[in-house]
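Labels A, B and C are assigned to the chains in the order they are written; within every chain, residues are numbered from 1.
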Amino acid sequence: MSTDKKTIILFSGDYDKAMAAFIIANGAAAMGDQVTMFFTFWGLDIIRKSKRVKTSGKSFLQNMFCRMMPRGPGKVGLSKMNFGGMGAPMMKILMKQQKAMSLDELIASAREQGVKFVACTMTMDMIGFRKEELLDDIEYMGVAAYLAEADEANVNLFI
Amino acid sequence: MSTDKKTIILFSGDYDKAMAAFIIANGAAAMGDQVTMFFTFWGLDIIRKSKRVKTSGKSFLQNMFCRMMPRGPGKVGLSKMNFGGMGAPMMKILMKQQKAMSLDELIASAREQGVKFVACTMTMDMIGFRKEELLDDIEYMGVAAYLAEADEANVNLFI
Amino acid sequence: MSTDKKTIILFSGDYDKAMAAFIIANGAAAMGDQVTMFFTFWGLDIIRKSKRVKTSGKSFLQNMFCRMMPRGPGKVGLSKMNFGGMGAPMMKILMKQQKAMSLDELIASAREQGVKFVACTMTMDMIGFRKEELLDDIEYMGVAAYLAEADEANVNLFI
């Protein structure tokens, strides 16, 4: 185990929880830590491309889930005070007023700093997400790979 | 501290969060880890027996909570995209189509693999759950026991 | 890293999740551990003073968020079974019937036991919370300070 490794499972697809996850990931990377983020279940929404990608071979239900699940940080809501969808836009204005980084910028910064992005293959198979629907140049793994990384890290969070 | 011990607090009573918890628990157990799962608050719903158990001595409010809280994995909903209760059934169909294990099967597998199930006695006392309403052959502990186990583990998640 | 240090990020502003966080914090402190709790996003609601504090210089949106976000444990709801706001009062009655500590008492006990309370400065700046609106004699830090503490702790939870 090493104090310079961290893992974060992002299960949640909420704007505010994703912000918290990326603020921690960026902070740790800035301090020289190796950070791995595992995107699973609704957390995959956060690393979806914003534009629709043509895919084939999905079942009826998979198509329905994929259509209804939001495409990327621009489309997700808040876990609280969502105000019928207005919560996230209002929080974005607050962040801009404070010159704080937006979620898009936090994601870009994490990638630049070498944070490892891993999409959960089990959720992808279940819901029917294809690799081309997610951000480019990320990795694809299952629970065994997560556990191997967590065993080497000293901070492991589930968000 | 040892790298072959893990603890998971399951606070949430959602189908999807419970799935994530049991997938991690099963994965770790398969890799030879000793895993302890603490079920607290709504997480106790996940280890409730599905059929109603006659009990006595509960207060009016306890009776009300116990009646309204879902009995086991067959009754709980999703944390997101619940579609008025249809979300969990749809996710179960998706899982079946992919030949993925259902939550019931994940729970059974965790038990077979020797994952330790612990029900939080404080929540049980508060809400009025009786031992006979929960799965058989589990353990009953409080926060001190949790902390003792977490101190020996290298991955401790709150889900 | 030491087995007598623990950190808890309280992101959630729900009564039940805050209870879980404070039960763990109090339990660990009673066993002699040094515990640090970081209050971020909605978790700041839990350490807000219950009476309104006059402040100035907030933007329109900040004022709106600050007005709508609950002031302290007496005002927050449950994450589940909230029954249109009646869930938390009912849970408080259940706790009283069982002579369990209320959230207010758990917070007071944590302070008496020397649990360190840290408010996230980034969230405060964003939403516009002023120090005088939060509990007295707490600390104010950012993500780097959290990571420094987490590096020294053996149990790090995100709630």
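The rule we apply is simple: contacts are C-beta pairs under 8 Å (C-beta built on N, C-alpha and C of every residue); 3 or more make two chains touch, one makes a residue touch a chain.
This structure is a prediction, so every number in the text was calculated from the model and none was measured.
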**Q.** Chain labels contacting chain B and also chain C
**A.** A
**Q.** chain C against chain A, contact positions shared by both copies (same if over half, else different)
**A.** different
Q: Let me have the rounded angstrom distance from the C-alpha centre of chain A over to the C-alpha centre of chain C, please.
A: 25
(Q) Where in chain A do residues touch at least two different other chains? (A) 1, 156-158
Q) Can you list the residues on chain B that touch chain C in the complex? A) 1, 9, 11, 13, 40-42, 59, 61-62, 64-65, 68-69, 122, 125-128, 142-144, 146-147, 150-151, 156-158
(Q) Going by the contact rule set out above, which residues of chain C touch chain B in the complex? (A) 1, 3, 16-17, 20, 23-24, 26-28, 30-31, 33, 79-81, 90-91, 93-95, 97-98, 100, 154-159
